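Please go over the structures that come below.
Presented sequentially are two complexes of chain A, the first with chain B as partner and the second with chain C.
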Partner chain A sequence: MKDYFFQDTIGKPMDRVDGRLKVTGAAKYSAEYELPNMAHAVLVGSTIAKGSIKSLDTKRAENAPGVLAVLHYQNAPKVPGYAQAAHPTEPKPVGQPLQLFIDNQINFNDHPIAVVVADTLERAMYAAKLVKAQYNEEKHATDFNKNTAKAFLPTAAKRNPKHPLGDYVRGKEDAYKTEPLKIESEYVIPTEFHNPMELQSIIAHWEAADKLTVYDKTQAVMGTQNAFAKDWKIPVENVKVIATFVGGAFGNGLHTWPHETAAIMAAKKVNRPVKLMLTREQMFTMVGYRPHAWQKVGMSATKDGKITAITHEAIGQTSSYEEFTESTLQQTRMMYTSPNVTTRYRILPLDVSTPIWMRGPGEATGAFALESALDEMAFVLGMDPLEFRLINHTDKDPEKNLPWSTKYLKEAMQMGAERIGWSKRQLKPGMVKNGEWLVGYGMGVGTFGANRGRAKVKATLHKDGTLVMQSATTDIGPGTGTAMVQIAAQNLGLPPEKIVFELGSSLYPPSPSQGGSATVATVGSAVHAACQALKQRLTSMVAGNADTSFKGATVENLTFKDGYVSMTASPSARLSFADILKQQNLPELEVTEESTPDASLRQKYSMYSYSVHFAEVQVHPLTGQIKVTNMVSCADAGTIINAKTAGNQMIGGAVGGIGMALTEGAVMDHRFGRYVTKDLAEYHVPVHADAPNISSLFVNKPDLINNPNGTKGIGEIAIIGVAPAIANAVFNATGKRIRELPITPDKLI
Partner chain B sequence: MSSDKFPEKNLPEEENGPQHSDARRTFLKQSSLLTALALAPSAAIKAAELKFEEKVAAVFEQVKVTLGINGKKHKLSIEPRATLLDLLREQMHLTGTKKGCDYGQCGACTVHVDGQRVLSCLTLAAMVDGKEVTTIEGLANGDKLHPMQEAFIKHDGFQCGYCTPGQIMSAVACVREGHADSDEEIREYMSGNICRCGAYPNIVNAIKEVKNGGQRV
Partner chain C sequence: MIQFQYVKPSKSKAAIDTVAKDQSAVFIAGGTNLVDLMKRGVMNPEKLVDINKLPLRKIERENGNVRIGALALNGAVAEDKLVLEKHPLLAQALNAGASAQLRNMATVGGNMMQRVRCPYFYDTAMPCNKREPGTGCGALEGYNRMHAIFGHSDKCIAVNPSDMNVALVALDAVVLVSGPKGDRKIPFAEFHRLPGDTPQIHTNLQQGELIMAVDVPENPYTKNVNYLKVRDRNSYAFALVSVAAALDLDGSTIKSARLAMGGVAHKPWRLNEAEQFLAGKPATEATFLQAAQIAMRGAKAFEHNKFKLTLGPNTIVQALKNASGVA
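Entry: the complex of A and B
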């Protein structure tokens, strides 16, 4: 916080504004608030995957010491907002989130069947083990491969064929099939779990019969507020959602989940605040996952490397009770110049819980297939895959037939290729060695819509010259508060030390969820607008001063710097923000500004962020051990607000991509429909030893069509394209093309 | 090491945790109930026994321990099945120590016990009787951050911050143990601490800086 210039704050590698709270343990996450008389709840899940509860024995649990209540479908408080079927014999409406404790039906293994509430955590945990259920078991379908015939077009696309999830044909359908130079391959990614380090937790507190406060792990403060207001049929303003710190989420905080309702029900029943923290095992079954997906890519090209056709098909897993979809095939439609493109997306309902978007949702899955196929096609052509991509680079969006708002992917590719030493790569696999290790290089491209939504920020300039801003966004780790402080510092001309940005509370002006890489573009634009409004107000004040030194002042002819306003032409006329307020006898100056993207610009331009990842791997030919020895991740993400936190986000995405490529994958025992990989010893997320030094490079050119700060998103593109970069590097090292993730040593020997 | 810094004999005493319970006495008072039950019909006895058995257990389930936490001595009455992690978080309200898995697989709950890094989720609180526990809240010297905390901020060795206390407690121990001599060694000896945000390279840089800075950790 010492060595940057006030007037040039954007881009500087400022330390995080909340860093001290995080390194001292003072940052409070959702389960860490102290409320008087708080009780503890533990959720009990089913041990079958499909059927119904025949009998539930809760007596021993109820009689255990300290137990306050055991809630289940027979005695739980009714949630008034749950949609009721018109007639009990009619089937439940399709496509809605799981409704807790409404009947005895079991939809997946570990389906919540009861919640035990006790005065201490130990007692609740013990009593939860005493709950016993007997079931009428039905035959379940959990094996993706055995059920692919049941896959269907999502309802949204059935209703509207033009829906982005609908089938897409540009040029001739499946044109690759009749071309001479072609590839056709199938790709599989297993179910992957977000597994943020913080377990999903909630403290629910009914402050009055119609007034609910939750300290909740969520990426969507307003979304959560609305969902619970609707569930419990109480006014939205009576639901307070606090999510000041969120210990990672990667998408699983974008939905409300049954455990949240369980805690709210329990709090209502025992009339005390109730804390519920999922176990790590429950994190695999109750809060979503990246769905298992099968994909097939057919591609053809001319001898000189022009892609002539791509067909990309995908089937993604969903649950039996909710249609989950993601944009798996979007990148295929717009990334390369191919005149013929066909995409088909289907979903496959199984007796499992519902997936939820996981970092780089859909696109990361799709990019694994597309960018692997690109590498396969380049190999067939005997062409460098970087050159192949450059030949097929699109200068405008071939899907929407619109110019890009900005696209600097070629610059990113050049930066990355130089940094990784792409020239060392040999076309023929297995040619580069380091001792007995085979060395390979691979690349993968990622893209994600440069989304922007609507947000409101309240900014209060105090008479001591400090600025406090508030908005109901969240920070799941990227450093939202820090970025907003830097945007305000730059736009208002105030040292960042004098600025505070408060988030994570539904009491603040509305902001959308932190998802889809849209936070900085969305909330940053509202911060920008609030700063402009403050400048306008300050300008009017100085222009109207009895002292005429600011006569004729406009925002344009004033300089705002270091917390002072001065006439640009005669800087001796200078007043601090604090003095301006004092002159006006104002304790504070408050503005609330909303910023909305210009819809007409979205009709004229296509807006995307881009990334390109380069991986160097070493593979041991005897053991099949794979080491990622170097990674370079480059992004065209518009203006970089904070080089340090943005770089960290890119690094984190690369580490996540290493997990996707090499270590992560659900294994289910289909006899029971239950995951074998149910904790962090079985499900392998990358650890320190798996992560090499990773370079992150930014083109750092603003996209002012997108928003006034020129930003595009980073969070998703940081992981999209990483897995294929590693898979392609493994091929370059070994000549073995692994099309099913994760690439474990057994697949190489 | 914290145990050197705060030798036990100098520990100020504090009884701000759960108080010694009077449950045993209550049990003795109520024990005449046993006789009454013996005369009741068998079905009632069976039901009552079920509950009574639990009550008996509840009475004896508290154990007394004395432990130092961040330089303060605490006399506590705890359940023998309570983990050190849950004692810290739920009873002492020291929530800087994080629960990430409860199985010793993620490292988020790392604390120091007599100066050694320990997974508090795999440690029963009763096992640290008479020992000195240092948590992330006790690492700084008042307002002055520990060099490892400073280095984590400088190198941005975190994103969401949830694994950070565990990473820092492990990192301090890693340097003290002499396992921070190379990037590879740091990665190996820090691999018990998972960071799902993936800030690993920055964490390694922070540890290297502290190690090379030569400050006392």
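Entry: the complex of A and C
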């Protein structure tokens, strides 16, 4: 078994199959397609946060050179599917995504009020500036702190108290309160924005009255296809979605958004293909964000370090028109042995646009509070935080009372502690120095469900011995195509150079969206199945050969390697895949396989990926300058398919976590309900100078209960737990516990 | 399309005349600031006079000065041998600014002239006296974390965002200007303004006046210098507070000092009194602390930038420590 996973192709740090295309600029992103007669659209947003449009002056814009149309609530083509979206039968609406141009209501500052379509982008941009609106302004509520009293239990949990978003009590409720050794702290994370390099963009093209093609930046090919088919009441197969390359997304491509509808409406109206790309400023209002969150953790422990109780409460921001929720408190329920655990999750609607999952959604927010609180508790106990975590490590899921499918978190912790030099850490803060700089060490643990969905892959073996696979998944950067090629190479016994994996088109067999760290487990399983099916077909072909050297061949007694089939017992009997097809007179051999996770296994096992992050920071005591000087991120993520791309993911997540901890956070002026940090100069994503040497280490042990390739997800756990690791290191360096992110120099002087 | 004319003269006189005659005309150099402002609709010039053909790129010795042409690139100046030898403080300040890509486009003249980075100035949907006199100062009671603690008025509390300017004011630079009425020299400390009642007026340069060069007089500050910039990320961010410190040391005694701050006022903020205090004193942490206290006299902060009242003096002390080598 071991050999199968650790030799050959699986695990090799193979270069990305599309690496050359990306670095040479040959890879085409959605906004880079040029269609004949294409027009350009620019979205116009409101300048108030709440109220309604009193009057809209579009005359000047309409008369500007090159303008083809100015669409708004009074003249926009009706979206026939909108009416369906409400659920009249349900007791209370849980809200719905923003419906574009249906009325004059303004729900947030920069709410789309018009879309201007012109023959060139420059003309559309200019005319967009000429659209002027008068408003009936109403009092808005955007300040989280001033409105926390309005937070409520999500409707889904109200309807079903057993819902994961509902209140959870294990043992005694709020048991920490009566314990002698305890901590109680509040934590805040600001609104954070995904800010991928590639701006959100779409080209919408009505090829016929009921036939829509979109080149769209999305993580969800099928989701987008379904959404637009429903909106426009056309057959699903009449909507074609192309997302061959996606320049990063981090979650904001998981939904369809108003700007996409704007482009589709515009294309319908002007009867030409229409391209719409958001501006960087619009990326702060149109495509979601990680919501502002307040959290409180109470924790108690015995003197010898056994956690006796945890209470973790969270309030996350959402919009006034849609309930956005995430599993902020999940890690608290299952990570540590504590016999008493209470969690309460609430959401707070504000006059802002709706959030969306952002890398490590919910869990990254929750882990900041939980893993900071663990550090605080360990400090109260005078205990090493690593030892504290090991004492409270649990070998079964205390929430569901099930065994783990696999869990190698302890190994990951040991690897990481050794690599960072954890033994240099002193219990007392401020003891280690480098010249004037205070040196500190911190750690944080992360977890995320080892998700797996259902996917279909079509695999075609051609007579030249090459394999082409197709599935409607996307690759937002992790290297999906590369991983799929390696899985196929391993499973079919074909050199990776002979394999192509095509994705990012709704014409391919269905796959879920690329999200929740589930792609390799989901699509990889379908690739595995397709390879098994091909092997089966090849086996029956050779077994039935006139030449009897393969007599009695079964998949098990054959060896598939380098594009050849041979009898394992007598390897001299050998045939290439190409020759087998030739013998059969087949131009190609095609299979389409679907892979579905065995639901019953989820009743028997609890499945999670784990990460542990170690950070070394230096803080200048006078100026508050902070440098992360070393980071080690270790993961128990099952089988590692590609050491390089998996390492890339961990490093990217760690840098994202540095941003969360030290630099990122959007600021709104609540007098206007409008963001004042909405470009890359003012909203600080971390840069190279903020990123130290980051080592990524993998336990690399398969989880065969989860899926036949043994993988678990990496994308989310790469960031979950990083921010607390850094915040804890800052405390260890300075003795200052910063509970509101980001930790900027002013907070440390 | 936003219509504007574009000309690229090869004689400075032609450039000057064009801008002097036409209120809606502006010079464009690297474009790294102006183009952004045009895209956001903050500046709407009808004519761009591209000065990149003018022979203003040289860095040379001239009459006891290092003379830096207005079109010398920020990156080139920071790496120039003469600058590194005579004015290492300037090189340090330039390297602390923006990013490598921007420094390779941005010019010395453009850097001097760059506009404030106040978010209200940039967002045409917000009030801002500087962009639209009379609309009010959005930052005064809004988000003012990056704003001034010195020399502000109730009309405007923005800061000059440049790093280079902080070093140039400390080094007593002189700006060489050519205009419709002839040439003139402007001492660096008088080049930028305080906002007062007219925050819309950015500098003391008149319409049509072209910066030709900046002279940095040779001085003894070639060794014990430090430009220290504290910012929210370790590169590509404007200063929360920055300090340019230069010392002329005789053993451990300070013969003379130069000190200026960035990120605290509408102009690069020279700290004359603190300099005078330092002269003749021993280079010790205690001296630096006192100088820092003197420097902070008269500072007044707003809701979100109170930290500058602590970060300011701390950064002064640290910059002086770095410059002097006193641990």
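The rule is short, and it goes like this: the second predicted complex is superposed on the first by the 731 of 749 C-alpha atoms of A that agree within 3 Å, B and C clash if a C-alpha of one lies under 4 Å from a C-alpha of the other, contacts with A are read in each partner's own complex, and residues count from 1 in each chain.
Assume contacts are C-beta pairs under 8 Å (C-beta built on N, C-alpha and C of every residue); 3 or more make two chains touch, one makes a residue touch a chain.
As the structure is a prediction and not an experimental result, all values here were calculated from the model.
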### Query
So, does A:Thr559 touch the first partner chain B, the second partner chain C, both, or neither?
neither
### Message
For A:Thr744 in the superposed arrangement: first (chain B), second (chain C), both or neither?
### Response
second
### Message
After the superposition on A, what does A:Asn226 contact: first (chain B), second (chain C), both or neither?
### Response
neither
### Message
After the superposition on A, what does A:Gly624 contact: first (chain B), second (chain C), both or neither?
### Response
second
### Greater residue coverage of chain A in the superposed arrangement, chain B or chain C
B
### Task
Report for A:Val667: first if it touches chain B alone, second if chain C alone, otherwise both or neither.
second
### Message
Quick one: is A:Pro65 in contact with chain B, with chain C, with both, or with neither? Answer first, second, both or neither.
### Response
both
### Task
Have a look at where A:Val676 lands relative to chain B and chain C in the superposition and call it first, second, both or neither.
second
### Message
By the touch definition at the top of the document, which applies to A:Thr120: first (chain B), second (chain C), both, or neither?
### Response
both
### Message
After the superposition on A, what does A:Val687 contact: first (chain B), second (chain C), both or neither?
### Response
both
### chain C-contacting residues of chain A that also contact chain B
65-66, 120, 122, 126, 681, 686-689
### Message
List the residues on chain A that touch chain C in their complex, please.
### Response
47, 65-66, 120, 122-123, 125-126, 129, 435-436, 620, 622-625, 627, 662-663, 667, 669, 671-672, 674, 676-678, 681-682, 684, 686-690, 742, 744-746, 749
### Query
Can you list the residues on chain B that touch chain A in the complex?
50-51, 54-55, 57-58, 61, 79, 81-82, 86, 89-90, 93-103, 105-106, 108, 135-137, 139-140, 145, 149, 152-154, 156, 158-165, 168, 183, 186-188, 190-204
#### Entry: Residue numbers on chain C that touch chain A, as the complex places them
1-2, 41, 99, 117, 119-120, 123, 125-126, 138, 141-143, 145, 228, 230-238, 240, 307, 310-311, 314-315, 317-318, 327
### Query
What does chain A use to touch chain B in their complex?
15-16, 18-29, 31-32, 34, 40, 59-60, 63-66, 120-122, 126, 194-199, 245-250, 277, 279-280, 476-479, 644-645, 647-649, 651-656, 679-681, 685-689, 691-694
